[in-house]
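Structures given as structure tokens follow.
Shared between the two complexes below is subunit A, which has subunit B as its partner in the first and subunit C in the second.
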Partner chain A sequence: MTKQQANWSPYDNNGGSCVAIAGRDYCVVAADTRMSTGYSILTRDYSKISKLADKAVLASSGFQADIKALQKHLAARHLIYQHQHNKQMSCPAMAQLLSNTLYYKRFFPYYAFNVLGGLDNEGKGCVFTYDAVGSYERVGYSAQGSGSTLIMPFLDNQLKSPSPLLLPAQDAVTPLSELEAVDLVKTVFVSATERDIYTGDKVEIVILNAEGERREFMDLRKD
Partner chain B sequence: MQFTDAKLLPDASSCSLDSERTLYPYVTGTSVVAFKYRDGILMAADMGGSYGSTLRYKTVERIKPIGQHSLLGASGEISDFQEILRYLDELILYDNMWDDGNSLGPKEVHNYLTRVMYNRRNKFNPLWNSLVLGGVKNGQKYLGMVSMIGVNFEDNHVATGFGNHLARPILRDEWNENLSFEDGVKLLEKCMRVLLYRDRSAVNKLQIAKITEEGATIFPPYSLKTFWGFEAYKNPTIGAEGSW
Partner chain C sequence: MKLDTSGLESAMPFFGVNKELVEGFSASPSFEIPGACDFDSFQKEAVQMVKPAKGTTTLAFIFKEGVMVAADSRASMGGYISSQSVKKIIEINPYMLGTMAGGAADCQFWHRNLGIKCRLHELANKRRISVTGASKLLANILYSYRGMGLSVGTMIAGWDETGPGLYYVDSEGGRLKGTRFSVGSGSPYAYGVLDSGYRYDMSVEEAAELARRAIYHATFRDGASGGVASVYHVGPTGWKKLSGDDVGELHYKYYPVMPSTVEQEMAEVVAGP
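Presenting the complex of A and B:
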């Protein structure tokens, strides 16, 4: 008698898209607020964005239960860091921690596709993009999630990031102003909503800059 | 033989015998529908416990009060629901034993349940339920859902199983924040009636429960009026003699 196979999957894809864009002295992190399963919408008002530290904001899409657990884990680690170092974690430090946390579960991964955005130690915008098992790099902008294949090419066209292979190294952050970047993010989500069934309802946009944090919401198509 | 197998297996299951892990559900309950209304939360579920395609049990209470502030409704495996009730019993007991005037609210219970469901999923031994947790504490209404793999969210209206497909659209269209109790019950009955017509595992014996700041009330079971007198159902063999 053959061994019984499980007829349930420990994973599910709850959909959604995340985007982050780094600027000279700001960072924009955005994600839609739709949570789906299969062809159903579970809720139209679920935030995929989590503020891990003063200058580090994480947007994750994928399997919601794993994302929640991952965000809780990182928040707990950040608290311990604050107790031990008497300061907030910097964005690059959080980036490394996230990578390590993801790789720790290399053989039963967190089904989470992350973009981490924030300000580095010099106050410049930084964006880190990840795969599900922790491979990451610092970039000028990134998109992850169900709409990423629709969004990324558009960002490539509009933001024209210089090649990381150039010498001398050129800045990956966009010369766009904060308002222009937010406008671009809104455009990008409206477009993705048209063709990606898992993206829609609302987009939540978090802007980090020297003054602090700002949050904006915009309605998207609900179909 | 079993022991050597267990040592060779990677730790996908922490139990040594596969027979100790949940593979599929046996006695199941179907949809639960719930939404916020003016004074609190309204929740409904039928009283059926199906054993595959057999309607084995017809008086299963799938909605239970938890502590002073919450209601828990469950669909899926009934025995797993009973185990969850045992866990929650212990949780509420220890909370009461502090005797400090604090009591676990619906948010806290929902969070606890999410962690329990997610941890069981991590061990590849899930509790085969979709849970609806609703309650009111200090005037704040709360309604959330947890699935068997730990997916959780809160919203103004939730439904499990078929309810998600059939009841949610009705609620999206007709729900509003200031439903009175009577209007809320009418809306619930509308949803449950659709489920009764279209969900094969639904039974026509349902319980409605409400929870407000004052406390929880689970109403006695009753049946919905249904209509089957369509022309197309009368004289079904008229078009094809000899058929049924």
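Presenting the complex of A and C:
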């Protein structure tokens, strides 16, 4: 007697790619704006990037409904933090909050592949990369989403930074300037669009630095 | 055009069916199917069985000068290397370390939780928690989640009032006290090097080199291990990170490239007019 299998899944994958690069005094967070389901495109103009705090920007790909719920949860927790501590949450603090939030749903996970970018307390760029259940790590650069297996090897080639585990310690941030990093991100998305069907339409790039926040858009292939 | 289905024909005739039936009409091609009740999950379980378990190499051992703890730093998702710089040695508090093998999120979260519990114990009892106590706290939590899919294979190493302590704790609910452990898919290779080179009375440098070599050899042979080999020492004053070496560079340090004598030199061929 074969067991009845569930034919409804609570999850869907809306595709897309996210990238973040940490610099000496800036951080670049980028994501494409295509939202798909199966082989159809739902919209060409969906932002996967959300600003959680002054110095913490989250880019997430995966199941956008779960991501929307996750962003709302984090925004609410940030508001409570601001009421209790009279200041904005720092990026490393937000990073741990996100990790704990994801792990609390360990047995019914948020289908979200996140990359958190921002500036740490010293003003240096920081990027945190996550898996779906909350394991996280501070890195110099990261890519998540459907195009991540295409993008990561390219970033490794261009930006490979010494591992933070090496002793004596070596700095992990890239020596690239802000403009060079933005250019690299644009190149990366153009390449990923060529070979990943779920990535394309437009790329939204958010740059955080000492002056504040800047946003750029660039058109990508729409096929 | 008739399709060639010779590839699908079973090698053995149907059991129990007499020959006439089989030869009388062309039997419909079929794949051999396992006689399981639940066919779909059987397939999934079969694939899971051959998946490498807990792709990592971690080890720890007690010796005269304390506890030596070492690990690689590779995280793999199936065949994709998701990170080469994962911190697999987690600093629970200044005198206790935990190693990570299995699910990264499970290990990170529960070790952080254990650190909180250890600190609460210190505040409540005005003294540090023992390694025995800390490992028991973790083992009890993991036992209560037994069967729910957590994947944790960890070693708790520390120095308390009774001296150096080392426990192995896993998500099946097991907790073992011991003097030498290695956990992960690379552990057989690490055990080989560790067991053959181990002596109780080694100096800190000798023990560190033994640990480093064991991790290096495991990363050499195990595809799921690699990255940076970290080595920590836990002594009476707490833990200290001794080294973090890229295993690719360790390879050329242990086996330097020797220039070989050239037997036959290839002469440059000059292209004709």
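Brief remarks on what is shown
We take it that the second predicted complex is superposed on the first by the 218 of 223 C-alpha atoms of A that agree within 3 Å, B and C clash if a C-alpha of one lies under 4 Å from a C-alpha of the other, contacts with A are read in each partner's own complex, and residues count from 1 in each chain.
Throughout what follows, contacts are C-beta pairs under 8 Å (C-beta built on N, C-alpha and C of every residue); 3 or more make two chains touch, one makes a residue touch a chain.
On a predicted model such as this, the values are computed, not experimentally measured, just so you know.
By the document's definition of touching, neither partner reaches A:N157: not subunit B, not subunit C.
Using the contact criterion defined above for the overlaid structures, shared-chain residue A:T43 touches subunit B, although it does not reach subunit C.
In the superposition on chain A, A:V133 makes contact with subunit C only, while subunit B stays out of contact range. In the superposition on chain A, A:N86 makes contact with neither subunit B nor subunit C.
In the superposition on chain A, contact is made by A:K3 with both subunit B and subunit C. Common to the subunit B-facing and subunit C-facing surfaces of subunit A are residues 3, 107. Of all residues in subunit A, those touching subunit C in their complex are 1-3, 5, 99-100, 102-103, 106-107, 129, 131, 133-137, 139, 149, 163-167. The touching residues of subunit B, counted against subunit A in their complex, run 10, 18, 23-24, 114, 118, 121-122, 124, 126, 145, 147-155, 164-165, 168. By the touch criterion given at the top, residues 3-4, 6-12, 14, 35, 37, 40-43, 45-46, 63-65, 68-69, 107-108 of subunit A touch subunit B in their complex.
By the touch rule above, subunit C contacts subunit A in their complex via residues 37-41, 73, 77, 80, 82-87, 103-109, 148-150, 227-228, 230, 241-246.
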